[in-house]
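Here you go, one structure.
Chain lettering (A, B and C) follows the sequence in which the chains are written, and residue indices restart at 1 in each chain.
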Amino acid sequence: MNAAANKHAWLVPLIGAVVLAVLPPLLSPYLTDLVVKIMVFSIFALSLELLVGTTGLVSLGHAAFFGLGAYTLVLASPADGGSMAWLAPLSVGAAALYALFVGALSLRTRGVYFIMVTLAFAQMAYFVFHDTKLAGGSDGLYLYVRPRLGPIDLEQKLHLYYVVLAALVFTYALLAVVLRSRFGAALAGIRVNEQRMRAAGFATYGYKLAAFVLAGALAGLAGFLVAAKDGVVNPELLSWHESGAVLLMIILGGLGHLRGAVIGAASFVLLKELLSTESLVGPLASHWQLTLGITIIAFVALLPKGLIGLGERLGLGRKG
Amino acid sequence: MSAVLLSSHELTRRFGGLTAVSRVSLEFRLGEVHAVIGTNGAGKSTLINMLSGEIAASSGSIRLGSEDITAWSQPRRARAGIGRSYQRTTIFPEFSVHENCRLAAQAATPRAWALWEPAAGCKASNAAADAALEAAGLAADARRVAGSLSHGGKRQLEIAMCLATGPRVLLLDEPLAGMGAEETDRMLGLLDGLKRDHAILLVEHDMDAVFRIADRITVMVNGEVIASDVPEAIRSNHDVQVAYLGHGEGH
Amino acid sequence: MDLATFLVQCLNSVQYGLLLFLVASGLTLIFGIMGIINLAHGSFYMIGAYLAFSIAPFFGDRFLLMLLAGVLLTAAFGYLLEWAFYSYLYQREHLQQVLMTYALILVFEELRSLLVGNDVHGVKVPSWLEGSFALGDLMSYPWYRVFASVACIVVALGMYWVVNRTRLGMMIRAGASNRDMVRGLGIDIQRLYRIVFAAGVALAALAGMIAAPLSSVYPGMGGSVLIICFVVCVIGGIGSITGALIASLLVGFVDTFGKVFFAEFSGIGVYLLMAVILIWRPEGLLGKRA
């Protein structure tokens, strides 16, 4: 909510969307797939940005909604493929419902407790998919036929690409509108000083819960798309490593900016690819987690404002 | 006698074995600055926290007008007309001065579901913010970043945000904290202007200021009210002198 | 369920709960005194277990000696780690602490992978603790489990004595309730923090060493124990050692009996318990009301 909204703030994302739209014919199948992955994780990261960056709620269990969205698609898909018209809302709805449950309980706590509780509830969901026979256990499940909607068939890579792009544009635009609205302003106020907001008359619990559910729903959307992209789901989608990764993405890019979530997602996915490519880092490739860990530590210690902060320091782009 | 806007009856708060506030019954009237003074640990903070709704009372009741609000949450009391300012400044330093007030004023017309309407364009909130800034004397600084204000300016903003919600009762917790002589004068002038349309509770340590501005003074010691009267009577009250004023002039 | 089975399950619950307590007490101590949320705490448990696996061959049957060696080693490790890494985290926001300690987990996991590999290992129970004793006609209870419980109780009593009866403990309690005051009293807060941290690490590692013969040594053990510890802290109230004890035992019972009655879905039992506590007393059983 820094100062008046910059008139040209929408220009950069628009250019980005256009660039993404024209990319497919220029890229190899491997790179196209990578871009789709980046876009899906951008949606995931954007959903967490609403929670952490805007509202100040550090959740360490966000992957639960991501994974739940993914599993819902696979579990609800009819054997010959279903229609996106009901499968997408179902996935988003399932994630939102669990977010309502988790949010209602965890928002009764603050600070460290909140972090721990969100992690625990995510673990509970992970457990259900990992240890029980409900959904294929630790091996995961296959999505035999991807969903359709009229002429759009997600089995076709190009269609999938544009559907994901549309979802990303939708998510970004939705969050931009939310941030500009009264609801968004209230969330920002809650982040800075919840006490002051309550003293002014805001029922802050309700606002936080609404943000939590919206964030969960959008994560569910990302989950739906990741399942459609990969054609397979496994419990690791709900693991705390996944929750940690998405948290990392938004820090990497820079908290407090929607662009940051996208930049962070892209950086993280690319970084992971680079660090695990043997031709680039040799024997370190199979131990990419070590390199990643050290990178994170260095990053948080030296660049607390993320890549956007670095950009500002170097004079690229404007503040806010 | 003017109307009683806020009152407490036998208000008590216990923390385990310690009774921080004991059977305090006070009235806050329209047009009056009612100061509550006492040494550290006398229970003033706990009292103001109970009145604003931040902590629950162990027993006793609080009434807003004729309505019993003892069980109401803080946001609900705020929407009903109780404004609160804090000892430690609780402004939003990164937003502009005007935005600080506008956000506070938004609580009255939340319309949280109207996502397509930009917050900055809310007519009602903007008008309330303008009025609050005017009343607090900060109209000229409206576009400045709040964090860049002087300490006195920030305390003024604290009051302005309190006013932005259109309260009838003002609970002010040490508004003069950390202020020099000139800033104190300005703040007292502000409070004098405000008291016409509000009931003001003033918790303060600055004795000179209190005696200048208060219409009524209540003295608390160890959680209990030992005297509650007009300033001249308090000044000459023996118990008060012994318990409080006698232990070195407070500042 | 007959009496003997019931008794066995009770003993199992207590034993599991006590081991959990050892780990959770370290976590809650570190948070209560230093205000750091440490995601890598589970890694110390894992380190303890893998350490036991690595050095057990050198100690043979001298199990207690091995435990002592392990405690000293990990305490020294913790002392160094605090100096090299954690001391930089004190002033940082929770989010940064979360990320830094999460990154530390990744580093520890990979280092373990490089040094000892990713296989699942077992650690032999020392011969003087092998076997079981009879409970009723059909059931028997392993001596090692009894040892585990007793060891935990001894450590818990030791902790109680240190915290409540020694000068160090007094400083710890003072530090927990008012950090700045303690600093103002001229107590070397740096040293205090380092000692407390080392103790926390050693406690978790000791639990890992004791648990190694029981639950085997496997890569993901750090993560699972960490999250259960979080649940314990939420239920018990963070910063409260007594709360951690009560909560650990509660979790022990819910988990053990849950497995008996609900098989597959037993794992969610502890989380449901946490949910109940959140509805009833969000600050935890013995936590301070905000």
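Here is the rule we use: a residue touches a chain if its C-beta (ideal position, glycine included) is under 8 Å from a C-beta of that chain, and two chains touch if they have at least 3 such contacts.
As the structure is a prediction and not an experimental result, all values here were calculated from the model.
S.K.: Farthest chain from chain A, comparing Cα centres?
M.R.: Comparing chain centres, B lies farthest from chain A.
S.K.: In terms of Cα-based centroids, which chain occupies the most central position?
M.R.: Nearest to the common C-alpha centre lies chain A.
S.K.: How many Å are there between the centre of chain A and the centre of chain C, using C-alpha atoms for each centre?
M.R.: 32
S.K.: Just give me the whole-number Å value for how far the CA centre of chain B lies from that of chain C.
M.R.: Between these chains, centre-to-centre, one finds 47 Å.
S.K.: Quick one: chain A and chain B, Cα centre-to-centre, how many Å?
M.R.: Roughly 43 Å separates the two chain centres.
S.K.: Flag every residue of chain B that touches chain A in the complex, lowest number first.
M.R.: For chain B paired with chain A, touching residues are 52, 73-76, 78-79, 83-84, 86, 90-96, 99, 103-108, 110-120, 122, 161-162, 164-165.
S.K.: Give every residue of chain C touching chain A within the complex, in rising order.
M.R.: On the chain C side, the touching residues are 31, 37, 88, 94-96, 98-100, 102-107, 109-111, 113-114, 223, 227, 230-231, 233-234, 238, 264-265, 267-268, 271, 274-275, 278-279, 282-284, 290.
S.K.: Given the complex with chain C, which residues does chain A contribute to the contact?
M.R.: Interface residues on chain A, with respect to chain C: 52, 58, 60, 105-106, 108-113, 115-117, 119-121, 123-124, 127-128, 131-133, 240, 244, 247-248, 251, 287, 289-290, 292-297, 300-301, 304.
S.K.: Touching chain B in the complex: which residues of chain A?
M.R.: On the chain A side, the touching residues are 1-5, 177-178, 180-186, 189, 192-193, 195-204, 207, 210.
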